[in-house]
Structure formats: C-alpha cells, structure tokens
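Letters A, B, C and D name the chains as they come in the text, with residue numbers starting at 1 for each one.
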Amino acid sequence: MKANPKDVLTGIYYIDGDVASGYGALAAGCKFVAGYPITPSTEAFEAVCRRGPQVGAVFIQMEDELGSISAIVGAAWSGVKTMTITSGPGYSLMQECIGFGAMLETPFVLLNIQRGGPSTGVPTKTGQADIMQSRWGSHGDYELIALAPDSPQEMFDYTIKAFNLAEKYRCPVMIMSDECVGHMTEKVVIPEADGIEVEPRRLYTGPAEDYLPFKPEPDLVPKMAKAGDGLRLYITGLVHDERGYPVEDSAYKSKYVRRLVDKIRLNRNNIIELREEGTDDADVIVVSYGISSRVAVKGVEIAREKGIKVGTLRLVTVWPFPDDRMSELAKKARAFVVPEINYGQVVYDVARCAHGDANVVLVPHGGAGVHNPNDIADAIEMAVREEKKIEGLVEFKTRLQKSVFEGGFKLKE
Amino acid sequence: MNSIISALNKGIEAAGVDRKRISITSDIPFEPEAVRSLGVDYFQTPRGRAIAFGTGLKLGNPSLKVIPVVGDLMTLGGNHFVHGGRRNMELLVICVNNFVYKKIAGIPAPSTQATFSPYSTFEEPFNFPHLGNSCGAVYTARWTALHTKELAASVSEALHKRGLSMIEVLAPGPNYYRRIDVVESELLQFYFENSVVKNNEDPRNAAITGDDKIIVGKFTDKERPTFIDSYNVQHTKILGDKFTPHGPASEKQKVSGGKNG
Amino acid sequence: MEALRTDSKQEIHPMENLLRMDRMPHIWCPTCGIGIAVTAFTAALEKAKIDPNTVSIVSGIGCTGRVAGYVKLDSFHTTHGRPIAFATGIKVASPKTKVVVFSGDGDLIAIGGNHFIHAARRNIDMLVVCVNNFIYAMTGGQVAPTTPLAAYATTSPYGCVEPPFNIPYLADSSGAVYVARWTTLHVRRLTNSLTEALQKKGFAVVEAISPCGMYYSRINRLGDGLDMMRFYHDNVEIRHGEDTKNLDIGFQTKIICGKFVDRERPSYMERYNQWLSDVKTAGRRSGGQRGSRK
Amino acid sequence: MKADKNGVLSGSHVLSGNQACAEGALAAGCRFLGLYPIVPSIEISERFLERAPQVGATFIQMEDEVSALAAVLGASWTGKKSMTVTSGPGLSLMMEHLGLGVMLETPCVIADIQGVGPGLGLPTHPAQGDMMQARWGSHGDYEIVALAPSSPQEMFDYTIKAFNFSERYRIPVAIMSDAHVARLKETVLIPPADQINVEPRRYYEGAKDSYLPFKRDKDFVPRMVDIGQGYRFHVTGLTHDDRGYPIMFEECQEYNVHPLVWKIRQAADKIVEVQETDTDEADVVVVSYGATSRAALKAIKQARDSGIKVGSLKLVTVWPFPEKRVAELAKRARAFVVPEMNCGQVVLEVERNTYGEANVFFVPHGDNGVEHTEDILSAIKQASQTNVAKSGIIELA
C-alpha cells in the first residue's frame, strides 16, 4: 500500500533526527501519539504536536510514561497506527507495558533516544546503553524488533520501516536511536507519497462469529481486529488461548509464549537488515550500530591506510541478532572489533556467535560523547596483530580511560 | 462482581447505547462468559492502567464508549484517574472498592476498613467521590453491591455524560481471587446495615470513616468541555481549515469552533 | 559570573550555613523564582529553629529538582516524579528525621501525582514545596498539567487544550493538613507559611507560583521577570481560608493566594505506632484464621 | 559481624520458600520492607509483617512498585537494611529505580518471585523468564548480583547472602526465585545468631568535613554515612563526581560509571559461587539454577545410573556469570545441557563462554512446568552421543 499524500511532507529539509522521525511516523500513517517530555527526545514529540493536527493525527501528553505506553497500546486496539517517544528513564518505566504489548501482539512503535545512563545520568548527551534493555527489559519471554538508525535521513526511513514491521509481525518495534542522531541536523529527503510503501494493518475480514483473535496464520502472526466492530473481543495480558480467554493450563502456556518468540525467531531472515562492506576477505570486521557506525567509518579509514584489511558490518536491525551471519564471518575473519557507547552489551552477542573462531575486542565508551576514531583504529591494529585465540572479551583501553584513570586528570568544577 | 456485571448490563440496556461501541478496559479479570453476555469488547490491562489504556482507545476511535473498571482501589492507577478527570476524558470509570484486596487479603489496601483487616488497619482510605469531584469528574456516585437498581440507573445516566464519570461500587471482588478473610454474605449484610442513601450530598462529607454510616448516592452531575471538545475547539481556532476536527463533532463544537475559526 | 564568585568568597552569604556555596553559581536562569523560594525555605528553616542536621531534603527532576543540590542538608536528587516516594521511605524508616520534598509541578503533580495523593491520604509527616512554573522548563517548555488553558507551549503549539490542576484543591481533597499558596513576590508571607508548615505535623503542601521566564512568559509574550512581578502585584488577591475549590488559575487571570487549609489529622506514624501498640498488647488476633489458608 | 539475635528465629522450622525468605531477611538485619502486594510474592510480606512488631522492623505498603523501591532506597540511606519483594510485572516497574539504586550505590535487596510472563502472564505458575531482565532491564550500564535459590533452605541462606553482597559492594542485589520454590514447604534450619555472618555497612569513619559520598576505596566501593549525622551530603542520579555533585562531561561519565561496572567485574571471582558435582571427569555438564536444578539433579542421577558421565554445575550466583569456570569445563566436557523455564536466556551466556569447545543443548520450559526431568534426561543422552561439534544452541523440541 502507498502512503497517503496528505500525511507526507514531500520535499528536501534540513532537520534533526528527532523531527525526521516525527515526520516519518506521520508519513507512515501514524494517527495517535502519546508522549511525556524527556530530554533528548522532546523534539520528536514537538514535531508531531505541530504537524499532527494538520494531518488528522491526534496527540496527547500523558501524565507519565506508564500512561503514554498504556494509551498507545489501547489506541492500537482501536485500529490506528500509533507511537510513543521517550528516552532512558522513561523507557525503564515503560518496560511493564512493552511486555504487555508483546503479549497482546499489539503493533506499535517506540522511539527511544538513548542518553547517558544509568539512572538520570547525562540527559543531554549520547549513549547506547539501553540496547540490551530493548531486548530483555520486560519480564518473561518475548522477542521484538529493534532498529538502530544512524542519520536523520535514516530516522525518517526507518521510522516508516518500523511501522511496517510492527504491522507485519504484530509486535512492538523499537527505534533505538541516540542523542547524537536525534540532535544531528542534516539533509533529509522526504519522497513523494507514492514512493513510500506502508504496510496496512492485517485486519480480519471474515464473519464475526468465526473470529479468533490469536489464531496464527502460516507465518505465525494472527490477524488483528479493532474495538467497536462487534467482534466481542476478549483481550487479556494473561496467558490466553486462540479465543483470547485466559488459560491456567501449563501445557498451553509453553506453547503460547513460544509462538510469541517463534514468530520473530523463525521470520528472522525476513526481518534482519545488515550493511556489510568488505567483509568477505577482511582480517578484522568492525561490528557497529547507530552513531558508533559513523565514527567507526573514520577509524576504519585510518586502519586501512595502514594496510589492514578491515571489513565493516553495521547492524541496522540489532534485534533479532544475526547469529548465523556472525558465526559465518567468525570463521573467515581473525577478529571482531565492536565499538559501542557502553561497557559491553551487543559485544556479548558477537562473542557468543563467534564460538571461539575469532577474537572479540570491545572498544567501550561510557557515554556523554562518542569514540575517538583513533581508538577504533588502534583496536583494529591490536586485533590484527594478535595471533593467538583469546578467551573472553578483550576490552580495549581507550584514550579517555587512560586520561581519566591514569593521567592525573582532575574533574572540572 | 456479578452484581456489577448485571448492573452494567441493565445500565447499558437502559442507556440505549449500541453494545458494539462499548469497550470495557479493566485490571480485574472478567469471566469470558460475563463479557459475552454483555456483548462488548473487553481488554484486561496491567494493574492500574485501565484508565490510561482506555484513554488511548477513546482517542484512537472517539466513537467508542469506554468503561474502565478499576480494581485494586486505584492504587497504581490513581494518577491516571486524577489526570483523566482533569482532562475530562470521556470515560465511565467504575471503581470497584472491595475494602480489602481479596486477591491478597491481609495486607492493608488504601480503602481498607478496620473491620476486615487481620491487624487493625492504620491507613485512612480515600474518599473517591471527593477526589474525583476535586479533579474534575463530571459525574460521581457511590453504590454498594446491594443497590443494583440505583447502580444500573447510574450507569445508564453516566453513559450519556460527556466527560469523566466515576461510579464507586462497594462490592466483593471476583470469586476466584477471594481469600477467606471475608465471607461475602457478611459483607453484604454489612453494606445493608451500614449504608445510607444521600443523593446530592457534598462529596467531601462522603468519606468512609468506619464510625459513621457509609453514604451512598449520586454526588456530582455537572458539565465541562471534554478533552476532545477542547482539542477540537482550540485547534480549529488557531488552524482553521487546516485542522480536521477529531471524532464525531457535536453540535456544540461546530458552533463554538466555527465562531472562532 | 567570575566576579560573582570572587565576591562570594570575600563576603559571607547570609544563608551560607544552609547553602552549598561551592556549587554556586546555580543553573537557574535570570527571572527565575526558584531561588526566591529556596531563600524563603532556608529562612523558614532558621525561623522554625529546626536543627539542620536532622533535615533531609529530597528533589526530583527538573529545574526545581535541582534545589536539593544547592541546599546544605542531607540532600537527595532522585528520579523523575518519585521524590515523595523516596522521602516516604526515609520518614518511615527514620521517623525523627524532618523530611522536605522540594520539587516542581511536573515532577510532583504530573508523573508523581499518584505519590502526591497517596502521601496526602496517608498523611505522611513531610513538607512538600511545589514550585509551580506552569511548564516543563528543564526539557524546553512542554505543556504541563498546570499550564493554563489556551497558553502556548512547545507541545501545545496551538494552545493548551487541557485545563490545569488546582493544586491546593487536589492536596486538600486527598487529605493534606496544611495547604498554602504564594507567588515569589510574597517572600515574607511565603517564608511565614513555610515556617508554619515546617512545624506542622502531617502532610503540608506549599505552592510557590513562579512562571518560567524563559519558556512560559516568553512564548506567551508576557514580558520578563519584572513584568511577572508586576502582574502578581496587580492580580494577586489574598484570601486566607478560601474554599480550595475556588482556586483555579486561568491564563493571566487573578491568582488567589493565602493559607487555605490548616487542620489536624493523625499522621501515618501516629497511626502506625497506635497499630504497633495494639498488636503488641492484643497479640496476633487473626493468627489462626490466617494460618488456615493455603 | 554476627547477626542480631532479635531477628533470628533459630531452630528447625517447616517453612515455605517465601516465608524462609522473610526469615532470612530478618536474620540478615533487614529492618525495612517497602512493598506492593503481587502474587506470588505475598507470603514474604505477610511473614515480614507478622514478625515486624516483634523484631522492631518497619514496613510500608506503597501505592505501586515504582514507589515501593523508591521508598526502599530512601530507607536504606537512614541506615536500615532494606528490601522489597515483587514478581514479574512489579520488577518491570522497578527498573527505573534499580538504575537509581545503582547510581546512588544504595544497598538494598529485591526479591523477585518469577511467574510466567510477559504481560500479566500466568502469575501462579513458575518460570525463569526474568533472568536477563535482572541483568539488563534498566537503562544504562550497570552490573548487579543475582542469586537463584532452589529450596526454602536456600531462600533463607541466599537472602542473607544477598544482604551481605549488597552491603559489601553497595549495590542492589536480586534474589531470583520462582513461584515453585516460593510455595514449596520444606524444613529450614535456622542457625543460632552467632553462627550467621552479617556484613556490616561500610561506614565512613574519617573527619566530618572531609567526607565525600562517592570517594572510592581501592576496591571501587565508596563509604556510606546515614542521614541525620550532620554530614549534609548530596547524592544525585545524575552523573556525579566524588562530592556527589552533578557534572555532565564525557570524562566524568567515565569516572562515575566505569567503576560502577568495574567494582563488580573485578570482584567477580569473589562473588561468583557455583555448586559442582562430578564435573571433573564429566562428558556432559548440566548447568542449572533455581527450581530447575531440582529436576536436573533427578535427571542427572538417572543418567548416571544408565552409565553416562554427567556432572552438575548449579549456579548460586547467576550474575555475575561464572564465565571462567564454564570456559574451563568446556575444554574438558563434550557438551553442556541447560534446562531453563524460559525460551533461552542463561543458555546464551553458556554458549558464549564455551568458545566453540563444547556443544550446548537447551531444554526449554517443558509442558509439565517444573517437573521436566525426562526432557533433561533425553537431552543428556543426546548430548553424550553427539560427537560432531555443532554451531549454535541445539534446542530440544
């Protein structure tokens, strides 16, 4: 299906990532946004507030993040495409309802502009330390999809993609951006509406009395319905059967929760999007996502000048994780270098999939800034020189760490 | 719980609202049979989120009538309730007050009555009608499970109110979550002996203190613009033709919107 | 700024013993009234003759949320909306501590609304100072549950569509024992109210109105700080004991200030201790009944 | 330091896991419980409330889980050892304050009695679906300690352990139990108070005016003081320096957050605890924790009887994960079998630490709930017969 021309602000703009994401949501046909102000994500919500009323999208600023996420799950069941916008602490508050949304197989998009953490941390500066939280943050077993755009243009494009994935797989989709991308102002090209593909909701169209809200189609995803159509929906966050009725049967519970997980795991090859460059004959592969991948480009450049064969792998979808591709590459390359703005999160999954075939070097960064590309280049050099297999993560000691902990560094007042 | 469902049934019938258009959001599990008998859509939300969930439903599709049924005495959801009242979100909130958490008897809940707690409870309960009234609800009432007729009448009346209506129902909780602390018949007997109907009483006098009789009745019935009304009016005023009003526009909106736009 | 700092070293600030001078200059903008509220609070602390060592101050997130960082008491800067919950923990675990929650309207009334009404209901013995700036200022001027109807904010670019909370009414109906409202023009009265509230047993709420000069006044073209002060001077009416339901604030309308509620209710700790002594004398009266449960 | 006699109910008792947890908390010196009731963790609160007046402990039932943990953090700064109890959905609501606890380096204990998730799930049925959440559920970087008891006795012992870890390293510690262990009634031996070791709070002892709330000792752990002592300190959830004052630079972020992670990572060897049987010459090692280890032990016994060399590695601390030990065993054993009551969480950690040296078999939540001994047995058999090295986790249907 094509986007509605009314929703799409076709043209060339010079806007920041947050705003681009807001426009992307409206272009994708989002008709309800609930939010709560939190730095650094407010610009996205503000963009929706300004433009939403002109395209028939309603917004509400709820009393807290718990309310925002509950409201959008509700709105999704009233039949509209919906999104909420938040950052670190708000994201933590939303965890309960993210699991609830996954349980109800509710399509919605959550834009998380990551900042330095934990707790209040550094609200105005960047971080990538919520990436594991997006996979494991709610209780119980579930799987969802997380995208990591790295530029305002991608914020626009991948917000639309997020809506499409959400509708296709009936699951929450996270856009795990960060403050750098969110506040980065660049050229964004918004195409004509007929150049934007949007996934319509997979609505049930058969007779009302036959409808089973949780009866899976062959791809394990059930058809959705909306409130007010006389289907007498019974929807609960308890473990339920195909009718939606709660069951206490433990045999059923493992089957049911299993499908929630499997509908993503078994469709993973259709979901995963990677950007690879020069990985086939590389000695070292730099695995990165989000803003780190843009910094890594420079690091790779420096290393290549030294004659090292470096390949890059960018995770556009961080979750589900490309296990198979990673294991495949581990057999070919000598090492992975993983720069991320945290003290090791996605690197654990890289190490897991490497199965000891390649060394794994983490280039950590605590947040509130991005890597020094020289650190990444040095880490690549270190990795390529290392002949023997190393068990465990190799943590590269960055210039920042050296200056803070060894250089007699004094904190500024 | 059964009395609430039958009152809802009668109330919806009397109100003449299309059942297709009604959604119940609740953090109390309803029996599937009960929902079928009501012929409505039903959503069980996480504890305390029924009102926020309902807000989303209502804004996503303004033609719906949303009835959040809140158990757990609004402890977790208190904030959504007061803000819903302030916005005057068009919801009919049924607050099921069963005095103690039946689910988890023995632990003091906000409206726990001294009589029903294992230790004498030391927390004073909320006066829900007063709280509702003070944050802007357009309709507040309180009934017990014994006042089925009045409750049904209140439901039907409140379904036609534009704005947040709140009906507190003193009733035993759902069966399968009840623990042995209270025998249902004793509780009903207690309601019978200790309640007195005082319609239009100032809700601030309606606190359940444990010393006086429980005052039941309809306390508030007023008019205020709803969230969707103000949303439409304000945006039409500023944006004019660029703005398409949200939801089925009432006559009143058209008039006030047109005047300014 | 440099000049200011040198001065503060040479001269002793009158409130030096209660402020963290090593944290100056503070982050608040010119025209902001939070500093006035802090001064009034420190003055009240002295007037009430409370040993500062026994006072804990808890703030949430936001501009007013930074108060804890500038007041030289045991001070906690917690998460958004939860200072009352955090303070409840302190008060219940250490009843001899005097607990003050100093935070903004978005923090206390929006996200923390539930803790606000429940703490008032329980009548936890604490003083809550709510600086109402009509907006979320720290995040750049979003609409708040206190923003007057039709006022502009970044997330209400076409005017606020939600009526604001009447904080004193909410506090009153949830059970607060002391409720007062002043603007930052009324320094002396604010100080007196805070002094009274500090000595009060139970949940006391003092609202200090101080619209944000950067994001509220400017966006709504209401002039600078001095203009706001003039506005208070001309439009504030003091009515002690006014029924709290009449205290709504509209856009640039009359503001009613005063002390509205001053009553007695047993506080949480009093009820708790009563319960404790009941239990100790009566024993576990429902023990048998509870034991029979699976 | 020895336990306070007042809180220790010495003797032999028949207690449920939940009750044992409450007793453990009181024995460890816990004197504040912030709670919000949720099935199936209620008996902990009930037991605590019953005993509180005798022991001199206080409690408060808050309006939600968000505030329950906030109150616990507040109470901890008054000098009282504090805890909260919850289950899945409540743990999700606590995630924000878990981060605050880490940032303020506030000792506290969170007991999570896991039910089936996500969403409302099946509260009364046991599961182990929150294991990864305990480690990764809050935003930002942090490390915590999580223990997984498998019996009421362990609920008692590990609760004490949890308090000790939380005081020693100034972190929130999670007790990751489940509905099965919580309800199980068994004999619990509570030793006399003088046989219970209790870690005292690491108080600052220097001069009053030179106290810095986040000045770290050599082991990266700062010293604490109580409120009301005249220190007039400031703490904040923002990135801060030694004084606790917010400073928002890259350097300070590194200075502040890196030690939060490192104080646990570099002490991991001291914290990590596993119970091993016959692992040294085993072909197959069963890695289990919590309630699953009960079923695993049965399966191991049956497998041994049929002649398979199988050992057991039971995790006492799930976080930090015993990385080194698993890597060592991977070199010797042919395969690991990991039964869990979820769709694969801790098994990912096992896979990571084998470095391709051993196969990893995963036994997901069986249809029979906790009792999936047969599934584990067939996994062990399959594992002992598979000679080829497989890539990735082999999941048993």
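Definition applied: contacts are C-beta pairs under 8 Å (C-beta built on N, C-alpha and C of every residue); 3 or more make two chains touch, one makes a residue touch a chain.
The model shown is predicted, which means the values in this text are computed figures rather than measured ones.
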item: Neighbouring chains shared between chain A and chain D, ordered by label; value: B, C
item: Comparison of A-B and A-C (more C-beta pairs in contact); value: A-B
item: Chain C and chain D: spacing of chain centres that average the CA atoms, whole Å; value: 37
item: Rounded Å distance, chain B centre to chain C centre (Cα mean); value: 30
item: Residues of chain B touching at least two other chains; value: 44, 46, 75-76, 78-79, 83, 106, 110, 119, 123, 227, 231, 235, 239
item: Overlap residues in chain C, where contacts from two or more other chains coincide; value: 77, 79, 110-111, 113-114, 118, 145, 158, 272, 279, 284, 290
item: Per-residue multi-chain contacts in chain D, two or more chains; value: 46, 63-64, 66, 89, 96, 100, 104, 119-120, 236-238
item: Overall pattern in which the protein chains touch one another (line/ring/star/complete/other); value: complete
item: Contact footprint of chain B on chain A as seen in their complex; value: 31-32, 34, 53-54, 56, 58, 60, 62-64, 66-68, 70-80, 82, 96-97, 100, 226-238, 243, 245-246
item: Chain B residues touching chain C - in the complex, by the definition given at the top; value: 75-79, 82-83, 86-88, 106, 110, 118-127, 130-131, 133-136, 179-181, 204, 224, 227, 230-231, 233-235, 237-239
item: Chain D to chain C touching residues, read off their complex; value: 31-32, 34, 46, 50, 53, 58-60, 62-64, 66-68, 70-80, 82, 96-97, 100, 104, 227-238, 243, 245-246
item: Chain C - residues contacting chain A, complex; value: 61, 77, 79-81, 106, 110-111, 113, 136, 138-140, 142-143, 145, 154-158
item: Residue numbers on chain A that touch chain D, as the complex places them; value: 66, 88-89, 91-93, 95-96, 99-104, 114, 116-125, 127, 129-130, 132-133, 135-142, 236-239, 248, 250-251, 253-255, 257-258, 260-261, 323-324, 327, 342-343, 345, 348-349, 351-357, 365-369, 389, 391-392, 400-401, 403-405, 409, 411-412
